[in-house]
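Shared between the two complexes below is chain A, which has chain B as its partner in the first and chain C in the second.
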Partner chain A sequence: MSQDLTTTAESIAQTIAAFVSKRVGADVPADKDLFESGLVSSLFAMELVVHLEQAFSVQILGDDLKRDNFRSVQAMTALVLRLNGAE
Partner chain B sequence: MLANMQSHSIAVFGAGVMGRSITALALGRGVDVVLVDVSDDVLRDARAEITQQMRHGQLMGAFPADKTPGTLTTSLSSKGAADAAVVIEAITEDAALKVRVMAEISGVVPAGVPLITNTSGIPIAELAKSVQRPTDLAGVHFMNPAYLIEMVEVVRGPQTGDDAMAVVLSFLEGLGKKTVVVRDAPGFVTSRLLHPMINEAARVVAEGTASVESVDRLMHGCLGHPTGPLRTADLIGLDNLADALRLLAERTGNPTFEPCELLMEKVSRGELGRKTGRGFYDYGEVLS
Partner chain C sequence: MAEQPSIVKCLVWDLDNTLWQGTLLEDGEVKLPDSVRELITELDSRGILQSVASKNDHDQAWQQLEALGVAEYLILPRIGWGPKSDSVREIADELNFALDTIAFVDDQPSERAEVEFHLPQVRCYDAERLPEFAALPEFSPATVTVDSRRRRQMYQAGFLRKAAEAEFQGPSDDFLRSLELEMRIGRATEDELSRVEELTLRTSQMNATGVHYSISDLRGLLVDPRHEVLVTTLTDRFGPHGAVGLQLLERHAAVWNLKLLATSCRVVSFGAGSALLGWLGDQAAHAGVHLVADFRRTERNRMMEIAYRLAGFTDEPCDCRAGLTAPAQEDIQRLHLLPTPCDPPPTMKLHTVSLQSA
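Up next, the complex of A and B:
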């Protein structure tokens, strides 16, 4: 990964982590499984979808709309990077 | 003898909290829906929210992947229900209003089309008095969000016919629901137990015994309630909860079922729960 991409990934991860932490009222490590740990309810899962779409101007459609893509801050960061065309 | 049997569409009356999530459920399972309400604005909001709810259902794996979603049509007239194979009534929990609308619906659909009421607790026998064919009427108590909660409470009224029960149960099976059939009574089973519990939870908070969060955390952590009663109250909508409690108090003669003061205060302040962004909890922006 180039220096540029690392920075992008980091800042995306930070933005997502800040949103999640604020909503669950606790610090959330990037690799923590949000569903398994019960931190994310099914209603909050949909809020995450809407938040990512608005914050990063992406559209999450079709097969991308599955729980695995929202399982952790890391997974969401990867999704946003991919949708932004930064493979 | 079952009119409109070939039809794959259903009609849903009331585009509020329940009408929307029931519509999302049906569409996600490939069933076409005609959604009827009295307000154009409500129908416009409903369309947008249903789109999000269907995405939510997909996200949570609630819909079969191989099904093409059904088509949504909205209507301001009960005539929109004329060709439906099943009609679901999900309008405001107001007995007089339901009586009027049910009578209207039963004049629009042919005999043999099951008429389902989603009332939280008005006895089916009471509503049966207003329809032309009481044998076609049954209760199906969907819970919010209908597209995620796997089970529904089915209420067989004293006059509900075998044919109607058979069509209703196979319709629900097609929607992927598990069912438990109960007899008719005010509040049936789930509202009779849940609504007074929520009312008591609000009283506990008002008396200062514990905070909203503590009540929910205890009910969740000690007793395994999925979200706690007050979070559930916000999901239901506090206005609907107060209406349902009042009807339950009237019909059981139990005055403790009357909605408590804290609940009534919140309703009069317009703090109705998730649907307005604030209830027992603050939700910031409304999830749409």
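Up next, the complex of A and C:
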């Protein structure tokens, strides 16, 4: 069970990292602060919201749309896991 | 009962014995009547686009149009030997216009018949009717806005921009930087009001409340010292995008209430909405006030909510909310921001008014 969860988290993180890396043209460590490092603009953040919703069939609503949830690959992974688990 | 004909958005001209007098390849020399020159500039100023579908040698005909000084008014010209119905259809497709908004004028009955046969929605006119054009209702839009007078230039800039984007390799932020975007935010002028009203009507995807403000509502707010009606225009190295954003702000002592934010869908991909919110947050931080933004979810304005939330707006309670006047509609939510100073985005240059001084 916990094995499954780890695998899921890893594959989610990989998918997200691949999307971000492709867009910024560099490898992105999972804990890197994307806003602070200037890698992600507000515009790209909007794209991330739409991408996560489509790639993982989740809906990100209300206060879940706060910036902190998109700050790093790690944070986005946690968000997707939580939204998936809530179903 | 005859219905009011819908407005023509693009007029497609034949050249020989229609736009000019004479047959270029036979006579070698052609004449542009003053009345036609006047008609071209008049339609242009009304925001009606104009194009060409002509059977001619392309280079020679285009040189002639340049020599006559009218080439700049004609976009997406189709000069060649193919059927004119193909040319007209390509022009409509490229502009993303419905065929029933296109008009075609030609002196040759056979050419008009060919277009009518394949594209029955296109309105075809005999060149003999050109003297009446300026007075025809389908060529007379009810309102002519600041932007309709510049519409052709905005389309021309759009074509160049599209070509540049297709050629560009690399991260999209670098592309945005290469556009040399300049955003101006200023208090609305009387002249801009019709365009501002249009923005509240047309921007369904990027309108935070879906509330429509009429010209007279807006005119009243322009002179109200508590309200700010702010218009955003955007230009880049290819030319103007025109008015792309509207902010309606009501000031209170401790809080500014953003009652409406509407931006044109055309500029979402340039990050215009986020840039506006960032600027407003910065202004509020310097004025020492909180910001409260009205938002009403519609079927189409999700991107607007995302922009607000990513900019830091939340549902959190705050004492400042008590000082606000009642919202324009019952189902409006109010999102709160504790503003902090914010640098403009690296992808555009801002020229703005200061809201401190009012």
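In this text, the second predicted complex is superposed on the first by the 84 of 87 C-alpha atoms of A that agree within 3 Å, B and C clash if a C-alpha of one lies under 4 Å from a C-alpha of the other, contacts with A are read in each partner's own complex, and residues count from 1 in each chain.
Heads up, the rule we're going with is that contacts are C-beta pairs under 8 Å (C-beta built on N, C-alpha and C of every residue); 3 or more make two chains touch, one makes a residue touch a chain.
No experiment lies behind these values; they were computed from the predicted model shown.
A.B. asks: Using the superposition on chain A, tell me whether chain B and chain C clash or fit.
C.D. replies: clash
A.B. asks: In this superposition, which partner touches a larger number of chain A residues, chain B or chain C?
C.D. replies: The partner that reaches more residues of chain A in the superposed model: C.
A.B. asks: Kindly classify A:Ser41 by the partners it touches after superposition: chain B alone (first), chain C alone (second), both, or neither?
C.D. replies: In the superposed model, A:Ser41 contacts both chain B and chain C.
A.B. asks: If we overlay the two complexes on their shared chain A, which of chain B and chain C does A:Leu65 touch? Say first, second, both or neither.
C.D. replies: both
A.B. asks: Name the contact category of A:Ala55: first (chain B only), second (chain C only), both, or neither.
C.D. replies: neither
A.B. asks: Contact-wise, after the overlay, does A:Val24 reach chain B, chain C, both or neither (first, second, both, neither)?
C.D. replies: A:Val24 sits against chain C, while chain B stays out of touch.
A.B. asks: Return the residues of chain A at which the contacts from chain B and from chain C coincide.
C.D. replies: 41-43, 45-46, 49, 65-67, 70
A.B. asks: Show me the residue ranges of chain B that touch chain A in the complex, using the header's touch definition.
C.D. replies: Checking each residue of chain B against chain A gives 52, 55-56, 58-61, 145, 148, 227, 235, 274, 287.
A.B. asks: Help me check something: in the complex, which residues belonging to chain A touch chain C?
C.D. replies: Those in contact with chain C are residues 23-25, 38, 41-46, 49, 62-63, 65-67, 70.
A.B. asks: Would you pull the chain A residues touching chain B in the complex into a rising list?
C.D. replies: 41-43, 45-47, 49-50, 65-67, 70
A.B. asks: Contact residues on chain C for chain A in the complex?
C.D. replies: 170-173, 269-271, 274-275, 278, 303, 305-307, 309-312, 314-315, 345-347
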